[in-house]
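Chain lettering (A, B, C and D) follows the sequence in which the chains are written, and residue indices restart at 1 in each chain.
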Amino acid sequence: MSHVDLTTELAGISLRNPVLTSSGTYGFGEEYADYCPLEALGGITLKGITPLPRLGNSVPRLAETPAGLLNAVGLENPGLEEFLVSYLPKVRRMPTAVIANISGFSLEDYERMARALQADSGLAALEVNISCPNVKHGGMHFGTDPRSAEEVIAAVKAATDLPIIAKLSPNVTDIVGMARAAQRGGADALSLINTLLGMSIDIEQQRPLLANTFGGLSGPAIRPVAVRMVWQVAEAIDLPIIGMGGITTWQDAVEFLLAGATAISIGTGNFVNPQAPLDILQGIKNYCEKCGMTSVHDLVGLAHKA
Amino acid sequence: MLTEGLVVVHECLGEADQMLRRLVLSGPIAKTAKAGQFVAVQVQDSSISSFDPLLRRPISLAEVSPDQNEITLLYRIQGRGTEILARARCGERLSVMGPLGNGFSLPEVGELWLVAGGIGIFPLYALAQSALAQGLSVRLFWGGENQSFLRSAGLNDWQALGIPIHLCTLDGTLGDKGFVTEQLQGRLFQSFQLFGQTKLINIENQANNAQHSISEQITVATCGPKKMMQVVTELCMNFAVPVQVSLEERMGCAVGACLGCVCTLVDETGTLIHKKVCQDGPVFRGEEVVWDESC
Amino acid sequence: MSHVDLTTELAGISLRNPVLTSSGTYGFGEEYADYCPLEALGGITLKGITPLPRLGNSVPRLAETPAGLLNAVGLENPGLEEFLVSYLPKVRRMPTAVIANISGFSLEDYERMARALQADSGLAALEVNISCPNVKHGGMHFGTDPRSAEEVIAAVKAATDLPIIAKLSPNVTDIVGMARAAQRGGADALSLINTLLGMSIDIEQQRPLLANTFGGLSGPAIRPVAVRMVWQVAEAIDLPIIGMGGITTWQDAVEFLLAGATAISIGTGNFVNPQAPLDILQGIKNYCEKCGMTSVHDLVGLAHKA
Amino acid sequence: MLTEGLVVVHECLGEADQMLRRLVLSGPIAKTAKAGQFVAVQVQDSSISSFDPLLRRPISLAEVSPDQNEITLLYRIQGRGTEILARARCGERLSVMGPLGNGFSLPEVGELWLVAGGIGIFPLYALAQSALAQGLSVRLFWGGENQSFLRSAGLNDWQALGIPIHLCTLDGTLGDKGFVTEQLQGRLFQSFQLFGQTKLINIENQANNAQHSISEQITVATCGPKKMMQVVTELCMNFAVPVQVSLEERMGCAVGACLGCVCTLVDETGTLIHKKVCQDGPVFRGEEVVWDESC
């Protein structure tokens, strides 16, 4: 019998609890069903979609690194149309909040997808990925220049009545500047962080291990960078943050909450432990009880106040 | 299913320098698993919390014993992950996801020909057992580095099955010297009762004529180096023999969620599509696979 | 009997081999003497110095993270004067190339130190740290703005006849832009990378683990980011690179050489294995032999050509 | 010195719930080590290449047996690193750096008083052995959580030394109920032959008068929680008794190269300076330590 209120308000959405799963690591919501019932989650974020279908990059797309994972999937996805026809109807029946994640190569791309995805779709929110580092001349541009970031968020915001979550790239000099730009554009919340741009070389073959040369680094290795960015943005800006980057255990999740994240999201951690969301949720609850807290919200940003 | 598999046997397989291991895990996975499926194993005891190496390692089911509640994994120490795995001792618990993927599909009747390259033999043993249990006749083509490898990797167990076995080694120390695909080709010719020096390319038409008879009798299942499986597939296609191939790709989630492990197939309309080795495979119809594609 | 030529030319300096140790992790050259004879190394880089003595930050200064280390030493050092009096004379007697590392809080700081350190000092080169993320209003500014970076390098270059190595911060949107700025300033070589800015929260105390809140992330965790930056800069710019960031094994070192580093440097790796430089040197040699190479220089940038 | 220590004994120390372990490593470190020094141990078998956890763990030498070529480490399972260390089995090899730092310095003659808080007792055992071997008389003050802890952490071994022992526990289950510093204070008073309710602060002058006689007889060495060592130091300073304290700090290099582990001291001129716990310590003169400083 729990006395801890886990419900979480975020960008006007009501979540059962603060534990989400991250775009690109949780498919379209069904793949992990045997390991983690959807109704236990605060919400899931779907694989990023683009206006047109994409086959993505060649394999190898993955490379393991110390406590980390490089991926260069290259935004493989069925495209907006197929998403609307084959996936969206299922979303409505999913027993948790579902967030769509959109990526584009132009302002019009983003607008077009936002227009197609409205509150009556059954989605809870739209996460705007302005940060995917894998696509040449792709999201990277929007994700590293504050002006473009503001524009794309504003365009999306104008095109849909869904709450907008801006997902920021960590590959910038000034994360707070990017967060401010997203806020000016009208973002209702921020997702922090996407992957760090990295690469790895196969010393047998003497060439880059990933077919795409570069990939995005995720997993426990990047957690200190992610916590730092959540902390900095939470200090500077008054928008709810979905914290992510290396969360694998409940202790990691608590670290992000204390740093100022209102909710947390699990990506690569699912690969390590497909029951990570359940274990983390339980851990957060126990931690709150131990601290004598009645609501998980009391944890949010607590380390700033000490 | 996520379970804590108890290590009940963990031993060196054959000669030490072959770096092969036999790992028997006790747990409920055995109840539902079938040949060709695999598991994703965490390489350190689940009580150790270390994130390096980070990912699980995919290993095929070499034997499934539902009655004893045991699965057998055979593997080669290849790098860091399998090196650490090799240190697991009896009584330790390894976190195992599985059974994963779709296994081989057995034909109703006829002959099952297995074509293995190197440690590609491992997942085929469970398949042979199922096939024999179902009354199919099984034939094995197996190529390896040398005699020591073949003996280490379980030749005795295969011989104990009492099936016809065609062996070859790169150095000729056991069986024919050369490639297993040559033996397969020879045997396919023979099954068509075509003799002589005719090159394969020349007999394509004749083969096509014979296709109904032979394709109803023989099914090929292959596992091994990609290049080998490609040649096996081409040979089989020439003879219109259905072939199932077991692919490998680096994996992240192992359940179809991350799109890390895709392979390229060509669908009925001729369009190139991606499928996930972990979820849609690892076994695919060889005819569909685009071998040289890198898209 | 080795047939591999390990000598390495870098910014006009001749090194016995391409294996260096990194500033701040190898003290003033004597601390590791029991583990690794100095004469075996290509060179060492001394702890960063500033014009005035500094006590640095409070403890805790270190926090372990997955495959990484956060440090916030805060540039503790005896100051230029004490360095000239007590340390520099020893440098002359060291049986390897010694590189001094300087940090400052103003253009004048850097100039002053550069003027005091000339070729007749026995030093092999001057590494200019424009990237230390630990000092508030400190190096960070020079390290993230191309114009300032160019200025500070130009000022140092004008003030000393020693070869100049610009040490770049990875906490930037555009590492190639920063490298270009350093080149324009007159840098003879580049050191890539310094630490990634990170932090970690103590969930028991519910406050930042490091006394300084933020720290620099080093170690194997950051290697993919470092290799990527070395690769990008090597593609774009014609200056020799000292590659560093997470090098712990010889395989890691080879990865950096293949990515385009002319020499490599070991930092946190020394803490893990105090004989890492020796093991790595041997590993590089064996690798060259296995590849049939007669000079380690043949490895440099090889992965670009494949 | 970097060596591969062979695990020869690794066992639970006392009650399981105390999470204490005794680890005996065989190797050449024993030849040169002395009480108060420490080693930096890699927590996984050196054949495993994992960078998580990344750093070595500093552990004091609890016993040094140069003749058997063995060092004994006593430790508490505290977190991830020691948890993994606790899994090392006999026959495994752990990479060990050491001996590191400067140990305690024994006085030529007189009494050595040891003041331990909790597991701070561990490095003091080697010191007691050296002191007794040198003919000093040794007295122990030891405070712990409760009886179970004190017994688990080696009380029997201490009693076997035949020295006077003053125990206290937080819950009063063994020895006095309260803090070890109270016992120390009482005994210091007694040694000054000062009785009664006089507050320490009031007797400072008297103590100063007596200082020559007592400071020539008694040396204090202490290890335990920082707060405790601070009070011990203040007490000793009041009685002009020299005190050596063994500090702890998070370490990177463990050899003085990274400046990660500094502590603040005050030098003769009254200036605040930093010293490295790993290289200049871990044992310092208590009088020099700036306890509340955080610079």
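Here is the rule we use: a residue touches a chain if its C-beta (ideal position, glycine included) is under 8 Å from a C-beta of that chain, and two chains touch if they have at least 3 such contacts.
Chain labels with UniProt names: A, C = Dihydroorotate dehydrogenase; B, D = Dihydroorotate dehydrogenase electron transfer subunit.
This structure is a prediction, so every number in the text was calculated from the model and none was measured.
Student: Consider the two chain pairs B-C and C-D; indicate the one with the greater count of contacting C-beta pairs.
Tutor: Pair with more contacting C-beta pairs, C-D versus B-C: C-D.
Student: For chain C (Dihydroorotate dehydrogenase) and chain D, let me know how many angstrom lie between their CA-based centres, rounded off.
Tutor: Computed from C-alpha means, the inter-chain centre distance equals 37 Å.
Student: Quick check: how many Å separate the C-alpha centres of chain B and chain D?
Tutor: Taking the mean C-alpha position of each chain, the two centres sit 58 Å apart.
Student: I'd like the Å distance between the centres of chain A (Dihydroorotate dehydrogenase) and chain C (Dihydroorotate dehydrogenase), where a centre is the mean of that chain's Cα atoms.
Tutor: Using C-alpha averages as centres, the distance is 34 Å.
Student: Between chain B and chain C (Dihydroorotate dehydrogenase), what's the gap in Å when you average each chain's C-alpha atoms?
Tutor: Each chain's C-alpha centroid was found; their separation is 48 Å.
Student: Which positions in chain D are in touch with at least two other chains?
Tutor: 49, 51-53
Student: Can you tell me which residues of chain C (Dihydroorotate dehydrogenase) touch two or more of the remaining chains?
Tutor: 65-68, 219-221
Student: Make each chain a node and each touching pair an edge, then name the shape: line, ring, star, complete, other.
Tutor: Shape = complete; every chain linked to every other.
Student: Which part of chain D faces chain B closely enough to touch in the complex?
Tutor: 44-45, 47-53, 80, 83-84, 87
Student: What part of chain A (Dihydroorotate dehydrogenase) is in contact with chain B in the complex they form?
Tutor: That would be residues 24-27, 31-32, 34-35, 47, 55-56, 58-69, 71, 73, 76, 211, 219-221, 248-249, 268, 270-275 of chain A (Dihydroorotate dehydrogenase).
Student: Chain C (Dihydroorotate dehydrogenase) touches which residues of chain B in the complex?
Tutor: Residues of chain B touching chain C (Dihydroorotate dehydrogenase): 51-52.
Student: Tell me, which parts of chain B touch chain A (Dihydroorotate dehydrogenase) in their complex?
Tutor: 1-2, 42, 49, 51-56, 95, 97, 249-263, 272-274, 279, 294-295
Student: In the complex formed with chain A (Dihydroorotate dehydrogenase), which residues of chain C (Dihydroorotate dehydrogenase) make contact?
Tutor: Spelled out, the residues of chain C (Dihydroorotate dehydrogenase) in touch with chain A (Dihydroorotate dehydrogenase) are 65-68, 70, 144, 171-174, 196-201, 203, 205-208, 213-215, 217, 219-225, 227-228, 231, 246, 251, 254-255, 258-259, 287, 302-303, 306.
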